[in-house]
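In the two assemblies presented below, subunit A is common to both, partnered first by subunit B and then by subunit C.
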Partner chain A sequence: MSRVKELQKSLFGGTTSNARQFGMIFTLVAIVLLFEILTNGLTLNPGNLISLVSQYSYILILAIGMLMVIVAGHIDLSVGSIAAFVGIVVAKVMQDYSLPWFVAILVGLAVGALIGAWQGFWVAYVGVPAFIVTLAGMMLFRGGNQFIGNANTIPVPEGFRVIGAGFLPEIGPDTGYNNPTLLLGLVACVAIVIREWRGRRTRREMGADVAPMWISVIRVAVPLVVVVFATLQFAGGRVGTSFPVSGIILAVLVVIYSFITRNTAGGRHIYAVGGNARAAELSGVKLKRVNFMVMMNMSILAALAGMIFVARSAASGPQDGIGWELDAIAAVFIGGAAVSGGLGTISGSIVGGLVMAVLNNGLQLLGVGSDRVQIIKGLVLLLAVAFDVYNKKQGRFSVIESLMRPFRRDTPAPASPAEAEQERGKSPVAG
Partner chain B sequence: MSDAPVLLEMRSITKEFPGVKALSDVNLVVRAGEIHAIAGENGAGKSTLMKVLSGVYPYGSYSGQILYQGSESRFSDIRASENAGIVIIHQELALVPGLSITENIFLGNEPRRGGVIDWKTANRRAAELMAMVGLEEDPDTLIGDIGVGKQQLVEIAKAFAKNVKLLILDEPTAALNEDDSQHLLGLMREFRQRGITSIIISHKLNEIAETADSITILRDGQTIETLDIKADGVDEDRIVRGMVGRELHSRFPDHTPNIGEVFFEVRDWTVRHPIAAERLVSKNASFTVRRGEIVGFAGLMGAGRTELAMSIFGRSYGTYVSGQIIKDGQEIVIKSVSDAIAHGLAYVSEDRKSIGLNLLDDIKTSVVSAKLSKVISHGVIDQVREHRAAEDYRKSLRVKAPSVDDPVTTLSGGNQQKVVLAKWMFTDPDLLILDEPTRGIDVGAKYEIYGIIQRLADQGKGVVVISSELPELIGLCDRIYTVFEGTITGDIARADADPELLLKQMTSVKKAQRS
Partner chain C sequence: MRNFLIRGVAAGAIALLSLTACSQRSEEGTTSAGTTEAAKGFPADSLIGVALPAKTSENWVLAGDLFTDGLKEAGFQSDVQYAGSSTTVADQQSQIQAMVTKGAKVIVIGATDAAQLSTQVEAAKAAGASVIAYDRLIKNTQGVDFYVAYDNFKVGQLQGQALLDGMKAKKPEGPYTIELFSGSSDDNNSAVFFDGAMSVLKPQIDNGTLVVGSGQTDIKQTAIDAWKPENAQRRMDSLLTSTYTSKTLDGVLSPNDTLARAILTSIKGAGKPLPIVTGQDSEVESIKSIMAGEQYSTINKDTRNLVKQTIQMVKDLQAGKQPEINDTKSYDNGVKVVPSYLLEPQIVTKDNAAEAYANDPNLAPLTK
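For the complex of A and B:
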């Protein structure tokens, strides 16, 4: 193992699934710095950061669900339409029945769950490919949105707008910063330290090699610097603004879903199904249930994203959510998920989504027209995945490693001849 | 027959793969107008030899000479050998289900006029060819709508459309029923009358003895002998002797079995094929396993051993028709894989890579994957316990990997197999069904796997081993069942087990069934 790889492994945990994240984090940092220079400091200024988060939080929420769908080996094209459909339903019930906003949110989530059960049923129990089911859903719920809303825009009341356009309140002593945001930053810092400390303890209990102390210091120090910087920026914006509520929702979801995908049986099963469905089935995984849950979960998150968007724009309209599915899918693939399923992480997808968001935002700040922004985003997606495919063909995963290749001689080991030479054909049930 | 001119001679063919010599100095002489059989156990090199002949392994990738019609041939690919009139029909038919019989016959070889397919000629010739092979169907019928036996005839018609001189059939009757098989063999005899030469590879030795004129026997990649069926008076027994004639030396760890009472019993297990519902892949199969016993299942490819095992293991194959499972004196009902695991069953599949492992996983994830509940507390996977469990197996099974965090793809076949074994040992099974546990792994690793199997039996577990290697079954098992076309045809104790007896039982319908 080369030293670069060793370092990468100890810094990032280094299994194949998150190796691409390594490259993406650097890409993200590079893009941020590039735009920071090109825009003369506009990119990282508090106002821009705040609008960046509130503008992209719903796409990133979709990316969480989409990651799980893609890991399980499916796709969901209907999320934009579902978001729009739920948005209009929620706006309508608040307008017509004057439901309180928090009840309306529950209604929205329930509608999302119902839609998810519908799609999950077709995918998991009937066996219609998710591509088809959700393509149908895309049309179905887009039409449903216009049917219910009469193709009109319906405004939502003030209280509801908090989830999309709200900020942490200004409370406590006058520190020149938004106090709750400072507190949030502090909590994040403590969490980072505890996480690393517990990670080391776990490794020790396993009797596995514990990374040297200086690696742990780097692993803690770098995120801490980022968090402290972000906290001060978010807390130091225009009075009345701070870290957006939608950003908090996103952060909570990221923490919960990262935990589920990594540390629970349900999460493991999603990866198992996507990695090798037949093997998973023969290991006792309930294939249908996993597929159903994944599709249903996606629709619930789409419902949430739709409501946040409606809250932010203060009204639900017939054009909401168009193209969101593509942004979410792009985020997941840029973030290192495999097209064939079985690989990918929540955090990777978030990084992938942020790359797209910063790119979009930075180009807009530079005054680049939306035509060219789209062209650039398309190329970035293509290159990111092409790079991954190329690396896989070479049998390696890391960015830096591939730059070093000309200096190394080893070639990937050939497939075992004994297995290539079996007389008994490839049918899995011969025998 | 032996005075006919030689059509094909393969001289000292040697084909090596990295680390393995698949063919070593093999010679084959086929005379014009004869039916020449090639026999040998699985892995003897039959298919490799045919791939050399047909250009799948191009000239230059092997050493030796191919003399065809009197001159040396150097085929660069299948197309080149087909142009010379050598057509091979593989066991997995190469037909397109959604196209018609005519379209399949001329696929890639369409009669054209001015760049456009000449359907008139195609239909006329298709009708001729179909008459020739005795296929009575509308030429516009889709391939997917006719049975396997007729599909085989379409393959042969397709070969004739290419102007075949030497027809090679790889296990042509393996998937056919008795009638279709007889028709096909009759057809081959008809072709002989017309002067067409055929090579047939078959496990069904009675068919060879009845149909072929001469036979070449391969064993371990070497030519053992070539016999004239009539002149040498060759019968099934004679072929078997040639196929298995090797010495069994100590390829197995010493082991004294400690066998207890019967604890697992399957009664009258009957299963339908998942698609062809009229076909039974298992017919009234009954067997028993004792504690501490290693029970072998011998049978040819397609005999239904894997199907039987997978069907018992949570109805993972085919459609369950009838049958009972009795464990520890009580009938148990197993409807899903999770039921099976909960009842202490484990099934290690024959195909490690496609259905045994998730190749994206690392070692520790694989080891715990069939019983995650053992490492979960309060709904959360305990990484320490997971790691320790995997680490224990890595040491006790001597998996050659620096760490359990390594992906399973970095392991050799033998070590991957140990990981799969660990995965199922981790479920604390009472009965382990191991399907081809040593396939594709080297001799040293095999020895270790045998040791693991014996240790499992010594712990009082029952172990079922399905294997196509007879010496392996004889060396390892305390008792061997033979399976033929879904029926259990024999129950042979270790003391009586010899390859000839086994081969006879697994190739014939003598005992149990001829309905």
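For the complex of A and C:
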């Protein structure tokens, strides 16, 4: 087998690397490089990267929950209103009852869970379509926000602002960088190496083909370079700044939810429900419970996103949350989820969200007005999905199609040469 | 395979450590900046950022154009941005952040929500930029250096007085039935306008000359969310149904022109006689309405003068001079009293419109 074929196999047909992510990551890299050139290096400058993460972490957190909702075949239009509602409640309890900020966060999450249980109840147990339930929720909680806040902007105490505008402390020896950020980078590097190493071990134990060493080296080296670069940028910002706290919250959530959706029975049930609810139910998936949990989870994440935004804005205002649901939904679809449900990954959605974020940020750095930014974002959403649909019809490599692969087999094995041929579009029957 | 793991970790660690040596971290802004920093001045072709709210009123669009032209004329590079129409606050936050990244020396901010920008304003400060709050005072942050605006309490007073004068001219004897409207509650100015107007109207309400038909005199009841005309129209519609099926409405206190026209539209739609309606901002449509005898008054806060004054401040900062201010005690943003420059507003009715807009190329022809 030639080296090119081997590479293709291990990238697009392998077990660990996900082809769908790959297409979007490629797009993301292209956009980043494009803006890096257009803005004369401002895009990847430490200050900009830091503000990029803290500006969009709350949207990306929403995208995590939204992915699961969409995979399960639903939609949630209420996330912006829930975020605004929780934001005002939290700001209000801190102002009126002078609750310590960490207690207020717990209160916020509890309110989010309650709202989620309310919406989940209607969706899962009464059977009202999620579109309607959350449309109602969108009005209900927007009204609730105005009712509680009297359409006022209510400031939050300094301590609370950490989750939205906070940075890691400057500790340890003076290395010229933010030490905790360096540490985080190191942890990420080690995680990448360990993951690849364990992947190889598992495959060997299962008697599967192990990719040649040089491919593993590439698969480790490329992310390592990116992580090391990002770490140095994030750690090298103005003194007092670091990788943002909100970014760390996001990263932790991404790791946890990726694990849940990929490796746990509960997570796989979401895909089963979205793929074919009837079949899933007959196979013993507790349909109602899955739907309930997915809706409830979304509201909790919306509550968290709302609090992060309020913390970053230093106040809860009447216009918080307007339009967030659309940003989150756009991120999920750009990230390759299927409108009909059953398909999509957390990491894909994050990359999709980052594509939008970098686009927004880059256009703003170029001084493009918000009217044109919206036009461009709309077109990108349409084209990203249309491109994928078109490729699939042509029988070429489709990111969505490649996602289907794990569902066709019990134990994903490396693609046979014949399948590899298909993926390159030699055979029109594929897809 | 263990070898592989160890090699990988080692490579990562070495890469990290080897690069730690060549840090590029700047300490800029950690020494408290502020006016002392500004006193040094900056290059004459520096970037000046201007972040304005969504294009909901002609005024902001005009201000944006004037800033673009004025800053260019003064030799600066300018970056004038409006917030998007739906996600206004988040948009403005990221726009200001982008200006900081681009190294703007002065950032002029017409805030969408004056209390939700402290993180960005502080980031601007930390990067060594000066922040001028334009028209709306930015709250709860040390980061604001200056505030430029028309005297808004005075605006309210003039509106209140115009409402009284207009009703007296139409019907010499009271009591007069009126309704009160105020601006969006997330705009710091709304309360200032309202308080100014109430300082004139309240004594008259107390002695019975004025009657608020619906009884709604609290600013929370009168506020129009997001300054949106449809919200004002909706509120007026409900007031007409609830209170004015038999009573006559003599006057409406409206905080600005956009809302005044929405109120008039609602009253016309209900087929009621038009009351005295105040306004503010000298919008083209409202000048036409005033000349046609519909809207009673507006306020001339010539955006040209405000922008001119702001650009003058930018020039002073560039030259390392202390910009001119005329008020150092009225505008407390919650954590500091912001040095301000206040301009005098002017009331305009049909009578003095021609004179007031004589120098305005857009409005002068409308008043003939």
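To be clear about the criterion, the second predicted complex is superposed on the first by the 377 of 431 C-alpha atoms of A that agree within 3 Å, B and C clash if a C-alpha of one lies under 4 Å from a C-alpha of the other, contacts with A are read in each partner's own complex, and residues count from 1 in each chain.
Note that in this section a residue touches a chain if its C-beta (ideal position, glycine included) is under 8 Å from a C-beta of that chain, and two chains touch if they have at least 3 such contacts.
Note that this is a predicted model, so its numbers are computed, not measured.
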(request) Check whether A:N263 is in contact with subunit B, with subunit C, with both or with neither, and answer first, second, both or neither. (result) first
(request) Tell me which partner A:I322 touches in the superposition: subunit B (first), subunit C (second), both or neither. (result) second
(request) Of the two partners subunit B and subunit C, indicate the one touching more residues belonging to subunit A. (result) C
(request) Name the contact category of A:A280: first (subunit B only), second (subunit C only), both, or neither. (result) first
(request) Mind working out whether A:L365 is in touch with subunit B, subunit C, both or neither, as first, second, both or neither? (result) second
(request) Could you look at A:I376 and tell me whether it touches subunit B, subunit C, both or neither (first, second, both, neither)? (result) neither
(message) So in the superposed three-chain picture, is A:V190 touching just subunit B, just subunit C, both, or none of them (first/second/both/neither)?
(response) second
(message) Quick one: is A:V162 in contact with subunit B, with subunit C, with both, or with neither? Answer first, second, both or neither.
(response) neither
(message) For A:E205 in the superposed arrangement: first (subunit B), second (subunit C), both or neither?
(response) first
(request) Show which residues of subunit A lie in contact with subunit B when the two form their complex. (result) 15-17, 202, 205-208, 262-265, 268, 271-272, 275-276, 278-284, 286, 338, 342-343, 414, 416-431
(message) Quick check: in the complex, which residue numbers of subunit A touch subunit C?
(response) 42, 45-48, 51, 55, 146, 150-153, 155, 161, 164-165, 175-177, 182, 185-186, 189-190, 192-194, 196-197, 200-201, 213, 216, 220, 224, 227-228, 231-232, 236-240, 309, 312-315, 317-320, 322-324, 327, 360-361, 364-365, 367, 369-371, 373-374
(request) Show which residues of subunit B lie in contact with subunit A when the two form their complex. (result) 17-20, 22, 42-44, 46-48, 91-92, 299, 301-307, 310, 313-314, 316-317, 336-338, 340-341, 347, 349-351, 353-362, 365, 369-373, 376, 379-381, 383-384, 387-388, 391, 403, 405, 407, 412-413, 423, 435-436, 439-442, 466, 468
(message) For a test of understanding, state which residues of subunit C touch subunit A in their complex under the given definition.
(response) 1, 4-5, 8-9, 11-13, 15-16, 19-30, 54-55, 79, 81-91, 93-95, 97-98, 100-102, 112-119, 123, 126-127, 139-141, 184-186, 220, 223, 225-226, 334
